[in-house]
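Multiple structures follow.
Each of the next two complexes has chain A plus one more chain, namely chain B in the first and chain C in the second.
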Partner chain A sequence: MSAQPEPGPTGVIHDIGYRNYDGPRYGRQQIARALFWHSLRGVYGLGRSGRSKVLPMLLLGVMCVPAFIIAVIANVGAIGLDDLPAPYTRYAVMTQGVLTIFLAAQAPQSVSRDLRFKTIPLYFSRPLERVDYVGAKFAALTVALFALLAIPLLIMYIGALLAEFPVGEHTADVALALVGALVFAAVFAGIGLVIASMTARRGFGVAGIITVFALSFAAVSSLQGIVGEIEGDMTAAGWIGLFSPVTLVDGFQVWVLGASSSAVAGPPGAAGGVAFVLATFGVIAGCWALLMLRYRKVFAS
Partner chain B sequence: MNATVVGLTGRALFGGRRVLLLLTMSLVLVALASVLRLTVGVDHEVTADFLGSVAIGALVPLFGLIVGTGVISPEIDDGSIVYLLSKPLPRPTIVLSKLVVAVSATVVFATVPTFVAGVVMSGGTGQIALGYAAAALVASVAYSAIFLLLAVVTKHAVVYGLAYALIWEGLIGGYVPGARTLSVQQWALSVTESVARPGTVSSDVALGTALVLLVVATVAATWYAGRRLRVLTLATED
Partner chain C sequence: MPVIRTDELTKRFPGVTALDRLTVDIDAGVVGLVGANGAGKSTLIKILLGIAPATSGRASVLGSDVVTNGPDIRAQVGYMPEHDCLPGDVSATEFVVHMARMSGLPADAARERTADTLRHVGLYEERYRPIGGYSTGMKQRVKLAQALVHDPTIVMLDEPTNGLDPVGRDEMLALIRRVHTDFGISVLVTSHLLGELERISDHVVVIDGGQLLRSSSTTDFTRNSQALVVEVTDRSDDVVAALAEAGLTADRDGRHILVTLTGDADYDVIRSAVARLGVGLIRLEQRRHHIVEVFGEERTDVGAA
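The block that comes next holds the complex of A and B.
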């Protein structure tokens, strides 16, 4: 009885000459930076299909039209103005409807799609920390909204320079307005991202953001009008302004940047001013904390 | 109208988290009205101002927007509308069934709270509450039909609908009087004007014109939505 011959090897791994990757491997910072640029371009539809560029570009155009008209009016000699017909710092409040639509359309685009198509687990399988993802998305949307506000402001500024208004004064004014625009952008981006990150459905995010901004602004304006003008209690009317993002940042501008208020009533007195500033930073910090909490665990389902 | 489609749409609309959002909005309106009643007291001017700008100006359009697009948008978005469209049902019937759900949801969550808020603030005096509730009712129907059409036509229905509500009715209507003639809000306010005590509210549109325009807008939007649904192409996510 002889032993069966050993069965020969049935499978072999051949070295067919694939090379290992030995180039540079970029770390966390590079990934976060790439995600930031990708998100920022995505907000304006750059690098995406033509259809996704229509809406953001249209809204950017709509944002610029009033600024352009203001700049033209300033330059028509016959009217003989010696200042812009509208101050820089009020521009954001004047156009807040467009700003809200832009945010509602683009914030869910930025984060909900990652949840819906389950790309989030892929991101976090790279050396990318939670703080990098949240930071990149937050920064990208803030910069995008800031650009949406800054471009019309610069159009107005150029208009003012062409009309030979005092240069120093206008440079200082536009610089302050740009600071205000940055705060507007951060508050809007924060609230928008928190709402959008709750849901994987784009439509739901859009509806949620619109509801929060439009309803709170309508309610606050109406209450301020009733309490301030019909009842004559401007202090209470000022405090109500804390409850809508638009009037909140408007109050911040009034107190910190010395702007004229666009709401019915500005922040009441010194205590009110401090409260508006604290609330503004509180909202930004709170949104950051909520986003960090949201991405602590990302469901694979 | 088809009972099964109505049932399915109703369950999709009220089953998820969307109903919580809707409920919160209604409660906020009633809560604000109660706060005003307690702090300001009974003041018919305040009631008219508050209901006009918050209820008719913001709540009803937002509801029409969320509900009108909400009854069909998610299905078009995720492609499951094909299962409904492949059934032997006339497309206008599908649109009509969905419209019925949208209108009843808007009536429950926007018209009733408007009436309650009006009663809380002014009681039955001058039929202010009734006037605004009537306006909310007709506006609900018109907004639902228009935004349902938008949802069939475009994927960005909520955004374009909002652009209409905020920019056309709010911004342009504020400066250009002619724009007010073509605004659901003004048509609705014209109904309030005729129901409520004279002098409470004024609208730029005569009642007859307003009613004709409301009916025309609603019927035309529903008819065209049915037409568009027959040639619907499912867009891919970009």
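The block that comes next holds the complex of A and C.
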């Protein structure tokens, strides 16, 4: 915010004394909504210092580059493609590195500051309840991550339309991919917030999130490679996918949205599909429960 | 109707009882809550805000029960915590605007009230700079501003003078007094220093070990002394001798003479004795106690009991 210009020497400052406030006062729901918008803007550095905007905006740009390249390739007549070079549902898996960095940088920004500066008691001495605070933070980060995925998906979609690929088919595909993006966003936000809320130190939060996402994906995909391609047991390889957030939601997309798997192996059979769906919702619900538990402790202290 | 009422309020933590069947009514005005560190002051405030549950007993703020009406109460109450609670990387204006919105004010009203409130607590140009660079005194003002920005009916200030130098302390105390006299907001202010609350409170509640030691108006606290202060223009020693002759217990205390009061007739006896000696009578008044002395006596009583 810029400083308001001070009145010049022509004016006289009168002390008008204290004025009581008798305007409207919003209830819990609207306060929670205000906190949601404040947090969402905060994730992208809006309304904060210029320096805070650099990283999220840079990562948003980086996220859009592959989509832009895909859209351009689709429109180069000489190549003569009749479909996009990569399906919409694979985009999150392709760009998971950028997503993870974004999450690692912005989840601690969203919750660790309140813990580090001990600002939490000021929220809890206001009408907000614990569920409102956790809900606003969770929703804000989910929406922020969803936007990070949805914008490149829409760039790809516009590219497909310009290349005069079948409109109906692409509209249906991108709609399903947006649903998948929302699930990706919720799972990433949940895990990111749980890790970030454990520590008041921002650095620990950043390191923890990167470690969990990168390690779990590296471990799962190399195990899947060994079990599936070397041992030839694709069923066991499929089950292993449950243990990393990226392959988990990828399996969800395969089973619920009919996408092709971007991992070594998708969920094995109907039982596998159901397990992936349940595990996906289980992770989101589990993160919610852990956050509520965590803030009960913060709340009471 | 009292603004705060507690009934047999008890809070136990594992191994320690923070509040022990505390029953007290607190009226509008500036009320000082006094007790040593660990006496249960902060615990009481947290229960009143509905942040921490009581183990047993009841409490109400502004006529609403703290357990069932927490959000309603918190909409009308301002709270200034004892500890540091300000983010260092935003300006006072940004921070207080956000806190006003978190109290339910619409965006425009939040901005307007923030500008007003920061001016009232004495923050001017500095309010656009990040809070991280503020002095302790300025931070305390920001903490007070966020508690006042939504124009609450009552504010609870937990050790607002902590960490301030003597000048900053005086300014903060004057500001707290103004919160009631000029802004019309009731104040519950805690301190472990009795002297400072004596200056600004209408009423003082003393708790110790989670129990109510005493609750009475500041004037009650400081009146009721059984000593008269007599000051004369000259010949103090002769006056003491004359008073002793007249049957009173009198002692020199520096320039003053202290006389133990036994009844209203003593005033006439002193006046006549001084007049007979032909010296001028400058002062003849009941000596006022300081809260500290009262507190000291009661602590001794409690210790003996």
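The working rule: the second predicted complex is superposed on the first by the 279 of 301 C-alpha atoms of A that agree within 3 Å, B and C clash if a C-alpha of one lies under 4 Å from a C-alpha of the other, contacts with A are read in each partner's own complex, and residues count from 1 in each chain.
The working rule: a residue touches a chain if its C-beta (ideal position, glycine included) is under 8 Å from a C-beta of that chain, and two chains touch if they have at least 3 such contacts.
Worth saying up front: this structure is predicted, and the values here are computed from it rather than measured.
Once the two complexes are overlaid on the shared chain, A:Ser49 sits against chain B and chain C alike.
In the superposition on chain A, A:Gly258 makes contact with neither chain B nor chain C. In the superposition on chain A, A:Pro166 makes contact with neither chain B nor chain C. By the touch criterion stated above, A:Pro85 is placed in contact with neither chain B nor chain C. Judged by the touch definition given at the top, the superposed model places A:Gly282 against neither chain B nor chain C. Of the two partner chains placed around the shared chain by superposition, chain C is the only one that A:Pro24 touches, whereas chain B remains out of contact. Legend: residue contacts after superposition of the two complexes on their common chain; A:Val206 is shown touching chain B, with no touch to chain C.
In the superposition on chain A, contact is made by A:Ser125 with chain C only, not with chain B. Judged by the touch definition given at the top, the superposed model places A:Ile226 against chain B, while chain C stays out of reach.
Common to the chain B and chain C contact sets on chain A are residues 48-49, 113.
Those residues of chain B that touch chain A in the shared complex are 17-18, 21, 25, 28, 32, 36, 39-40, 43, 45-46, 49-50, 53-54, 57-59, 62, 65-66, 69-70, 73-74, 77, 156, 158-159, 162-163, 166-167, 170-171, 237-238.
Those residues of chain A that touch chain B in the complex are listed here as 48-49, 51-52, 55, 62, 97-98, 100-101, 104-105, 113, 199, 201-204, 206-208, 210-211, 214-215, 218-219, 221-223, 225-227, 230-231. Contacts from chain C toward chain A in the complex involve residues 49, 51-52, 70-72, 74-75, 77, 79, 81, 83-91, 93-94, 98-99, 101-106, 109, 113, 116, 120, 128, 146, 150-151, 182-184. Within the complex formed with chain C, the residues of chain A that make contact are 1, 3, 17-21, 23-28, 30-31, 34-35, 38, 47-49, 113-114, 117-119, 121-129, 299-300.
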